[in-house]
Structures are given as structure tokens and as C-alpha cells.
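The chains carry the letters A, B and C, assigned in the order they are written, with residues numbered from 1 in each.
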Amino acid sequence: MLEIKDVDVYYGDLRALTEVSLTVNKGEIVTLIGSNGAGKSTTLRTICGFLRPASGVVRFSGQSLVTHAVHRIAEMGISMVTEEKRVFRDMTVFENLRLGAFMGKARKRKDETLDWVYKMSPVLQERSRQKAGTLSGGEQQMLLVGRALMSQPELLLLDEISFGLSPLLVKNLFKTIKEIHMSTGMTILLVEQNVHMALELADRAYVMESGAVVAEGQAADFLSSKQIKDAYFGVTTEECR
Amino acid sequence: MIAQIIMYGVIIGIFYALVAVGLSLLFGVMKYMNIAHGSFVVIGGYISFWLFNLLGIDPFLSIPFVLVIMFVIGLIVYGLVFSPLKRFAEGQRLGNSMLITFGLILVLDNLVAFLWTSDVKTITAPYSGQVIQLLGIRVPFTSLGVIGVTFAIIGILHLFLSRTYIGQSIKATAQDWEAASLLGININRTYLIACGISVALAGAAGTAVVLMYSISPYSGLEWMLISMIVLVFAGLGKIREVFLAGLALGLLEQLGVFLLGGHYRAVVGLVLFVLILILRPQGLFAK
Amino acid sequence: MNETDKSRQSFLAYIVGGVVVLIFILLPVSMNVGRYVLSLLFTFFIYIVLSQSWNLVGGYTGQFNLGLAAYFGSGVLSCSIFYSSGINPILSLLAAGFVAIALACIIGLPTMRLRGVYFSIGTLALAEALRLTVTNLWPTSLYVPATHYERFTILTNYYMALGLAVFTIIVVHLMVNSRIGMALTAIRDDEDAAKSMGVSPTKHKVTVFVVSSFLAGLAGGVFTLFRGVITPTFQFTPEWTFGPLVAACIGGLGTIVGPLLGSVFFVILQEIFSQTLGKMHFIITGILFILVILFLPRGLVQSATTIRQLFKSKL
């Protein structure tokens, strides 16, 4: 469904991605893991169209994405939840969700989707008249996921959504993601600091290091791999405790 | 006496809110400063003037026409002036938007002078001299009309921004354009519409100006400064606070007129403005 | 570019500058150029002073001062007042510069705390407040003593303006190449970073602001001695900010050559078009200005450098 091949991305003169290649098949959950600055978020921002690859191919359902504007890529069915808590603070929870269904085909079915999102996360329904800026960090993150779901994406990109949340909230958030995946079969590409959680959720995983993909494989294999454990789990599992 | 200061202060204050609301919208959405805002106010005034003089259309009824014409002018201005600004790095856009709209003042003001001469123009409608007794104070009929128009326009703007998808997308873009574009909102189109609305609002304010005062080609600066003061009182880019900020300026000015005399009306506002800039740059009403 | 190249280039610049000044000095005595050309050149010199003054703040600190007219106008007004009260004209002229400094300290310094867009609209607002106040206090024209016209011919005024222009360029050159100039560039590029390196932005900004005001005030004084009769309110209008601003931007911000080039361009353009189109010339100037900001953000100077580099790469 999503195919990235030999993509190079620069920030000015600085090379951020080097020949990154990865694929995400329909119905899969794929995770990108790696340390800070490895290029995970850069990869997601490239898919969304915020960054233009200097060379390489980004294709979604057979169509090239590299020349399209961000909103066009969103219209093609890709939705991203960003790492900062970027809710529209001065708008209510309901208004935030409604804007999620801005695009034509999602707008037609927005009432159904809204019911579904509220069922998935009842707290959003309770707070629907509240300004989004007054929600707690965890609720804001849930709102961002809900807003992304309102657009009924075919591919959902999650960029470090657990960042800054307590372990319990992270657990709940991942449970919700899992439920979404189970009930809709939505394709998900997940970037995470919390490697353990990500690998438990995902089908497959890619490991990135200084802007390049250095390993790929089944998530379950990585979970039992000593090398990966030493490299990444040490820190993150400590932090979780 | 105090009642009169308050009454005139409120009337003029509400009118000031109408003058400034377009500039506030533009800054809030695009983070551009349009120094030529006052020139658009003047152009709107001229359109009303000519519709009245040539076609006999009542200035209050001409407002819808003014809004439409100025909206189109706003679209053109976006395409020619604001859109190319995206070539600059984000940190340089605000400064360059000031320089460019400053150049726009030179173009627009002199174009207006060329087209319609430098004479001072005002509209004398059949009801222009009439006054209404309100709480024992004589209030010009046109001023009350302008207040009604202001409430109507700001009310419609509020409904548009909070009830329609386009309005909501403008608000969303103002808060976080990256997040908005991820939802499929075309940022360029949103900016285009916001710029059109901003200029249209300036035009409507121009109708009020030509009714309550008068216009001439080089009077744009005066209205730009008033908008600027209201904007800073409200806090840059805050649309809802513009109303309160306009009222504050109107009342303070009237108080200044009472204490120092009419010649110093504008001076009071400008000095207060600089004080606020220095002491409370986030605005009077920002939390 | 290595050091010897640089010093050779600045040496060349001094020679060229010296020759140009010499030409301007000799021009009126060697040729019968007439009143028209002399007053045109006078305007040109005043524009050089004002645009250099504006550029000192706008170009080197990145803060767009939209209230330059206040300092020029106060120079015009105070020179006229001192002169007509019996003080020697040259002393009045100098006093005009110091009045501008005083003004910069009283109303200008508070605005120095403001950054970016706030600074610009703050300076514009104060200049307008001052203009309206001056219009209220001095609504009519002011005259210099009748003896003025015996003592000052157009030639005296010409040389005074030329002298002030040269003085301005030297002052700006010395400032920019001093430690102040380096600090200013650091502040313009990243104020917070400069602060963390121990550079005090406020101190340096205030210094250039005061110097800039002083130069604008002197320009106002020279202008008074040229005109004789002045109407204060006209000298405070924003046009006196806008003209120098346009000249500096068209020429090239943050360079010394830029405002010179821009002034030539602006004064000639204004002269040509005002003969044929009247005030319409502002429309063309405005469009040109917008195009330069959009497509030559560093002004005509930049395009000259680009062309030179193009030639070099061809050779």
C-alpha cells in the first residue's frame, strides 16, 4: 500500500535521510524504531509532504506522492497524528473532531464516525463542549487520534504519540489503537520511543540509525533479539518503571 | 458630561472595532502585517461614495456591494502581493509583509488620488443631519446605523467562523497551519479567502467612515493607525477581543478630548498605544 | 575572498569615493550648472543622509524604524526656532542634531525595548503623535531672519549638504567596521544567541538609534537653512520616512553602497516622473519597491554582485 524506495531528504545542506526504503502492506501495523534523531519522524514528515525527497520514490496505492501538497496527500487517505500535542486549543473538542472530517468523503459520513470515535473514547464525548486546550495531556493525545480517525484514513501515521504520557495512559492509548486496528483493519505506521510497546503491537518493524534503515523483520523476532534489547530496551523499559 | 463621554466613547469604540477587525483577522490567520489596511478602508469609502453619487444607492444598502467588490480586490492583492511572500523563510515573512504593504500604500493612495482627485469627500444622505435623543444625549442617526451595521457584520463573521467548514478551516489554520493541512485543508486557499474577507471588512469600515466623517486619498494612514492601536490593545491576532479593545480606545479617546481638547484626540490614542506596547505587549485583554 | 583582496578592494573604494567627492566639490566652480541642478543635487545629498541614517537601524539591526520623519522634522523645526530667535545659523544647525538626540532619548528609547513588528508600529505611532502635536502647536509657516538670504546662497547650501553627506558616510563606515558593527550583525542574525555570547542588544541598538537620529536631525537643520521658510507639519509627514526607506531598500539593506545607489535611483526617478506624471510617480516607485523586496531582497547591490560573479565564473 505504501512504498518508499531509496529516499534521500535534506535539511538545507544537511542530509537527514539516506536511501531509506520501506513498505507497509494493507492491514498491517508497522513500526519504525531507533534512537532520537535517527530519522523516524523525518520519514513520516516526508510521507505527508512536509518534506520533499531529493531523490527516490514515495508511492501510495500505486500513486506517487512526491509532487503533491500536504492537503492533497491527506485527501488520498493518509492521516498523521503528530508528536507535539497539536490540538486546536481555542476550539471545542467537538469542533476539533468535526474538522477531522473536513474532506468531502469523510464529511458525508461524519455522524457515524463521530459515534464510533465517542464509543472508542467516551471521555471525548463527556468533554465535547470543552475547549481542547483545557484537556489533560492524555486526553489531548486521544483527541488527536480521534481527529485523525474522523477523516477515515486508509493509512494512519502515528508519530510518538506516547511522548510525555504516564505509563498507564500509554497503555490505554495502545489498547485503543489495537481496538481500532481489530475493528477496522486500518493500516498503521507507528513511530515510537517506547520500543517494547511498539513491537508488541506491530506486525513488522524497521530499525533506523542516523538517517538510514539498518534492519527490518518481524516484530516478534525483534522482541526476542538480544541485540535490539541491548540497544534500545535498556533505556526505555527503565523509563517505563 | 460623563454620560456624554461614555455614550460617544462607546459609539466611536464600536466603530473602531469595525475598522480593525479585518486587520486582526489577516494577522491572526497569516501572521502578516498589512500596513495598507487603512488604504483599503479609504477605497471602500470611495466605492460607497460613487455608488451613492452616481447610482443613488443609499450608503447603508451599498455595503453588500462594497463587500463583494472589496473581497475580489482582496483576492487579487493576495495573488499579487502576499502569495509571493511565501518565498521567504518563515522568520522574514512578517518584516517583509510590512515593507511590501508599505509599498502598496504608495501605489494605492496615489492611484486613488489620480482616479478621484485629492478632494475630501463625504456622503450627505437625506438622514445625515438627523439626531436621536438617547438617554438625554443627542446621537447622530448615522452613528447608530453604523453601530447596527458593525454588530451585524461582526455577528455574521462570528457565525461564519464558528459554523461553516470554511470558517472553521480558517480558524484552524490560524492556530496551527501544519495540523490543519494534515486534515486536508488547502492552506493557500484558506489564506486567499481570509485575505479577501479582511479587505472586504476594511471596505465596509470605509462606508462607515464616509458616512460619519469624510475620506481623502491620503487619509488611510489615520485608519491604519487606529486599527493598529485596537490590534495591540486586543493582542495581536485575537479576533474576539477586538470589540473590547475598540471600546477601550473609544472611551479613552473621548476622555482625552474632554481633558485636552479635540485637537489631541489622536495623540491620546497613539501615546496610550505606545505605552501598552511597552508595558503589555500581549494585549490588554489577553489572559 | 582573502585579506589582501579585501583590503585592496576597500582601498579601491576609498579612491573611487574620493574622486566622486572631488567631482562634486569642483562641479559648481568649474561649470555653470545652474540653480536647478544644484537643488537637485542638494535633495540627493539629503536623501543620502536620511537613507544612511535609516539603514543604520533598519539594515544593520533589522529593526524597521517607521518614524524617521520625527527626527528629521524635529531637526527642521528646532533649527528654525533657534535661528529665528537670534542664534548663529551653524550653531542652530548643530543644536538641531542634539534636539533629535534628545528626542531619541525621550521618546525613542522606550521603543527600543520593542522587537520586530512592535518596534515598527511603535515608532510609526510616536512619529504620528508628534506630527499631530506639532501641527497643533505650530500650524503656520516659520521664517528665518531676513539676513539669511544675504549669508546663504544656493552654493553654501550645496556644500553644506555635500559635507553632511560625506560626514554621514564616514560615520556609518566607522561604526559598521567597529566592534559595534560586528555586534549589530550578530544581533540581527540571532538576537538571543548574541545575548548568550555577552553582547548587549539594547546597548548597541540604542547607540545606533541615537547616531541615526543625530544624522537625521542634522539633515533637518541643513534643510531649514536651504529652504528658509518652512511649514513644520510638512516636514513631519511619513513621506520623510518612506522616501529614505524606499531608497535604502531599493539600493540594498545593510550596506553602505546600497543607500547611495538607492538615493541616486530614487531622486532621479522622482525627478523624471514628477516632471511628467506628478504624484503618479509614487505608483511606479511603489511597484518597483515591491518588486525589489520580492525578487531582489538585498537590493540593487545584490544584483550587481550576482552579475559580477556570473562574469567571474564565465572567465
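Following the convention adopted for this analysis, contacts are C-beta pairs under 8 Å (C-beta built on N, C-alpha and C of every residue); 3 or more make two chains touch, one makes a residue touch a chain.
Please read these numbers as outputs of a predicted model, since none were measured by experiment.
Trainee: Average the CA atoms of each chain to get its centre, and name the chain whose centre is farthest from that of subunit B.
Mentor: Between subunit B and the rest, the longest centre separation is with A.
Trainee: Any chance you could check whether A-B or B-C wins on number of contacting C-beta pairs?
Mentor: Between A-B and B-C, the larger count of C-beta pairs in contact belongs to B-C.
Trainee: Measuring from CA centroids, which chain ends up nearest the centre of the complete protein set?
Mentor: B
Trainee: Distance between subunit A and subunit C based on Cα centroids, please, to the nearest Å.
Mentor: Here subunit A and subunit C have centroids separated by 55 Å.
Trainee: Could you work out how far the Cα centre of subunit A sits from that of subunit B, in whole Å?
Mentor: The computed centroid separation for subunit A versus subunit B comes out at 42 Å.
Trainee: Would you kindly tell me how far, in whole Å, the mean C-alpha position of subunit C lies from that of subunit B?
Mentor: Each chain's C-alpha centroid was found; their separation is 32 Å.
Trainee: Got the subunit B residues that touch at least 2 other chains?
Mentor: Not one residue of subunit B touches more than one other chain, so the list is empty.
Trainee: For the complex, which residues does subunit A have touching subunit B?
Mentor: Those in contact with subunit B are residues 48, 50, 69-71, 74-75, 79-80, 82, 86, 88-91, 95, 98-100, 102-103, 107, 147, 151.
Trainee: Mind listing the subunit B positions that touch subunit C in their complex?
Mentor: Going by the criterion above, the answer is residues 33, 81, 84-85, 87-88, 92, 94-96, 98-100, 102-107, 109-111, 113-114, 221, 225, 228-229, 232, 236, 263-264, 266-267, 270-271, 273-274, 277-278, 281.
Trainee: Give the list of subunit B residues in touch with subunit A in this complex.
Mentor: 162, 165, 168-169, 171-172, 175-176, 178-187
Trainee: Considering only the defined contacts, which subunit C positions touch subunit B in the complex?
Mentor: 62, 64, 66, 110-111, 113-114, 116-118, 120-122, 124-126, 128-129, 132-133, 136, 238, 242, 245-246, 249, 279-280, 282-283, 285-287, 289-290, 293-294, 297
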